[in-house]
Amino acid sequence: MRSNRQNVIGLLFASPWILGMGIFLFYPVISSLYFSFTSYSILKPPVWIGLSNYQELMHDEIFLKALSNTLIICAASVPLTTALAICLALLLNTKRKGISLYRTLFYIPSLVPTVALAVLWLWIFNGQYGLLNEGLSKFGIKAVPWLTDPSWAKATLIMISMWGCGNAMVIYLAGLQDVPQSLYEAGELDGASAWQKTKSITLPMISPVIQFNVIMGIIGSLQTFALPFVMFPGGQPARSTYVVAMYLYDNAFLYQRMGYASAMGWVLFLATMILSLVSLRLGDRHVHYGGGA
Amino acid sequence: MLSKQQKILLTKALQLGALLVLAFLFALPLVWMVVTSLKPLDETMTSPPKWIPDKIQVSNYSDAVTYGSKELGYIPFLRYAQNSVLLAILCITGSVISNSLVGYAFGCLEWKGKRWLFALTLATMMVPGPILIVPLYKLFRDFGWIGTFRPLWVPTFFGSAFNIFLLRQFFMAIPKELSEAAVLDGASPFGVFLKVIIPLAKPALTVVAVFTFLWSWNDFLGPLLYLTDQRNFTVSLGLQAFQNQHTGTPWNLLMAASLMVIAPVIVVYFVAQKAFVQGISTTGLK
Amino acid sequence: MNNVLPAVLCVLLGIACACGLESSQVSVSKTDRIEVQYWEKWTGEEMEAMKRIVDKFNASQSEIHVKYLSVSGIADKTLLATSGGTPPDIAGLWGDQVVQFVDLNALTDLSDLAKDAGVVEENYIPAYWSICSAYGRLYALPTSPGSGALYVNRQLVPPQYASPETFPKTISEFNKFAEQTDRRDPSGKLLVASFMPRDGWGLWNMPYVFGDGFLQDGQINVNGKDDLEAWTWVKSFTDRYGVTETKSFRSGFGNYSSPQNPFLSGKLATYADGPWFSNYIRMFKPSMDWFAVPFPYPDNHPELAGFSTMNLNTLVIPKGAKHAREAFRFLAFVQEQKNMEQLCMDQQCNSPLSNSSQKFLTSHPNKAIALFDKLAKSSRAVPPVPLGIRAQIGSEVGNAVDQMELGELTPQAALDQAQSRLVAMWAKYQQQVLGK
């Protein structure tokens, strides 16, 4: 049984956030939910139209295309980025000369504003003299049209998202510090190999952090906007890189259909929710909390 | 069969190899920016790529700093930097204080409504930002905050879902016995928070501080929407000065300015990353 | 207590910063003049060009002070501020958004103010004036405009075509020219393409080269005979080069504003763009020998000659602006020929005024400025589609052409699909935004 005192203390500690949600989130979130049931063009008052926006979305080929693009990108980039970030964190969690430099280096792509970087990506993935194709040609691989072919364009976006794994890497690195040395020492006594130690000690111990990063990865990739927006204006070629956030933005600010955009936002919310819950369920079996909550 | 010694050596070599290859790939953006920032304009963005400029033009940096100062009557870059620094310090302060308190409530304390509120917290992150822009703008207008810095820093004092979630995960990993021992010694919940949890969570708190700094420093949309005087602009907003409609982009100046903008973040990160790795193992508790 | 001290210091630092910010924050400047807030998209050199006009205006009288603010995302920010009831007094909107903003009831009607100030239609090139008006009323005034022509790289075209006089005038002549100009290496790889009908400015308007374009009698019509003819012609280039080869060739095109621009790097022999492009040539490829010509017209249809895409930067006064009258005085000041020409010259554009001074035409940085000026006045000058769903039309048609070029759909099927979607979008727009 929790005592009243405990409840009060808990609420007190959480009070900044409760207040914050009440002040800065409650009104905008409820408004946008309301807008999703209206026809609304920012400057004119919203008009209630019930479920029309949602019904329209279900038949909107452009939306469905954008949604499938988004889901494909999410399905590929979340696992790849997670794996890369964990590997990097493990590599960087060693004592080695110049390790601070390495740690900084791997984080840099996450620091640079997307707009400044997009130019570089276009240049690396350039089909004719881009760095990547130049490198591939050394292995006898024919030039790949990274930016102008619908399937490759998507692959390009996924590959670029992996460069931005720095944030996740930092979190893993911090998480790795919580793994008690004594466990490794015990493992060594049992004669465990490096891979066995990683698999049976490290990964379970940082599993809460993995869970965090996976969920943040899902949220982030479903809301991807800046990169495709700058690199592939209009989602070209043939809308193969057109993601939901771009269509949402276009509807909200270019087409003056804020109500429709809001409905889209809430569908995206639902998709994020479902995917996160699935990953939570799948993960819960493996997640280990040291605190034993 | 390899001997144990050889095995270790091999692993080390493999690790180093992987590190070097990856480091090369991740360093590309930075190298490219540095090289471009030192070139004369007509040598930027050439094909095939030119990694060593014919002529090194260091003056790009001073040109980037003073870009636009003639017409504005002051050096915009310095003015923007001052605004950004003040904002960043405020945001970090607010974010570290509020998120650690709330993270503690969610990660270590038991109270009614916790699970429910936590689920709500996660859910708020899943609402796409663009659909909140209009009502949020109206909210800040009603507070009379349009044209001031307040929309950019006041909310950080109330926590953010991302950081709360992050800290909760870390706090949950701290063994219960430690705080229980402190309670037996007569510590209050706030005492436990201050004397047990905070020292143990230094790596995580550093991460929060670094992320907040990065977020506030790079935030583009917020300053764009809420600031209405050029002299109140931030550095991220200042970078737009190099993107022209009809007269072309001075890539070398843009890259020089971008590098100067990200340099403080790199320095802060470089200093802070030492704290990420000196967690529990060095506090001597385990 | 080794944790309390840093915490206290932290809080103190925070308070200090808050005070610092609050005091350094600029909101109202102390002048006894009426302050007119002017938001404009321009930065850098373009900002400087406009800033000179602003300073001149501020010095020319003593009641009004115009305050310039560079804003990226000008339309979004203006819209948001207007919805919040805190709009600027003047906003530098894109010309192609005027109609939509009028539909949203976001702009002040300038018709009467203009009449009183002597700003009249006769002084302007008709296409530009039409961009500023909607439903027979005036809602904006021009700043720097653009018109499209074809730039030609003299070194890359066969000698018989290498002058404005001998350059192909009709589509079939152009086709012949194209075949003689394309260059491939022995393996068939493209080295130089005569023309890429989708790379260049204003080419989204291709159906207007062949006829009515996107509208017929005011109704959306993107799958008519002219549209099909236009996009089939566009597709004929891809077919000739080969889909894969086109993909690979186009993937080698670099950033517009760089020496990798396909025209500047010598991959394209011709390139459609506005008057400002000569500045890019000067910046990135000063050695290039170029000339500019009008776009070719369909055989046997000389009446369709003179196609040119129009665009315009405008000044508007959002609804709810606090100082509309004072703002208009600045708008009128910009319209004075001397000021307008100075602005357009500094921004490397042609002038929206029907009369250009000799000095403007002779000392303009673009040597072909007279051509751009002439094309802007052509009867085949194409202003943006005057409908609130202009952006959707661009996006749907662009996607349809992508699909036909990739071979996903036949040209007719792709255009029919775009047409049916656009008709539905227009119905929705009329119902939801116009309230019909």
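Letters are used for the chains, namely A, B and C, taken in the order the chains are written, and counting of residues starts over at 1 for each.
As a working rule, contacts are C-beta pairs under 8 Å (C-beta built on N, C-alpha and C of every residue); 3 or more make two chains touch, one makes a residue touch a chain.
Here the structure is a predicted model, which is why all the values come from computation and not from measurement.
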Notebook entry, point to check: What is the shape of the graph in which nodes denote protein chains and edges denote touching chain pairs (line, ring, star, complete, other)?
Noted result: complete
Check: A-B versus B-C: which has more C-beta pairs touching?
Finding: A-B
Notebook entry, point to check: What is the distance, in whole Å, between the centres of subunit B and subunit C, each centre taken as the mean of its C-alpha atoms?
Noted result: 36
Next item on the list: Averaging only over C-alpha atoms, locate the centres of subunit A and subunit B and give their separation in whole Å.
Entry: 16
Notebook entry, point to check: Hey, what residues on subunit B touch two or more of the other chains?
Noted result: 45, 47, 133-134, 251
Next item on the list: Can you tell me which residues of subunit A touch two or more of the remaining chains?
Entry: 42, 119, 123, 126, 128-129, 253
Next item on the list: Specify, in ascending order, the residues of subunit C that touch 2 or more different other chains.
Entry: 80, 83, 252, 254-255, 260
Item checked: Residue ranges of subunit A in contact with subunit C within the complex -> 39, 41-44, 47, 61-62, 119, 122-123, 126-129, 143, 145-150, 234, 236-239, 250, 253-257, 259
Next item on the list: Enumerate the contact residues on subunit B facing subunit A in the complex.
Entry: 11, 15-16, 18-19, 22-23, 25-30, 32-33, 45, 47-49, 98, 101-102, 104-114, 117, 120-136, 139, 155, 157-159, 162, 164-166, 169-176, 189, 193, 203-204, 206-207, 210-211, 214, 218, 220, 236, 239, 251, 254-255, 258, 261-262, 265-266, 269-270, 273-274, 276-281, 286
Margin query: Using the touch definition from the top, list the residues of subunit C that touch subunit A in their complex.
Written below: 75-76, 79-80, 82-83, 100, 103-106, 244, 247-252, 254-255, 260, 388-389, 391-392, 395, 398-399, 402-403, 406, 408, 421, 425, 428-429, 431-433, 435
Check: For subunit B, which residues are in contact with subunit C within the complex?
Finding: 41-42, 44-47, 67-68, 70-72, 82-83, 86-87, 89-90, 93-94, 96-97, 133-134, 137-138, 141, 146-149, 153, 194-195, 198-199, 224-225, 228-232, 240-251
Item checked: List of subunit A residues in touch with subunit B within their complex -> 2, 6-7, 9-14, 16-21, 23-25, 27-29, 31-32, 35-36, 42, 87-88, 91-94, 96, 100, 102-113, 115-117, 119-120, 123-124, 126, 128-129, 131, 134, 163, 167, 170-171, 173-178, 180-182, 194, 205, 208-209, 211-212, 215-216, 219, 223, 225, 245, 248-249, 252-253, 258, 261-262, 264-266, 268-269, 272-273, 276, 289-293
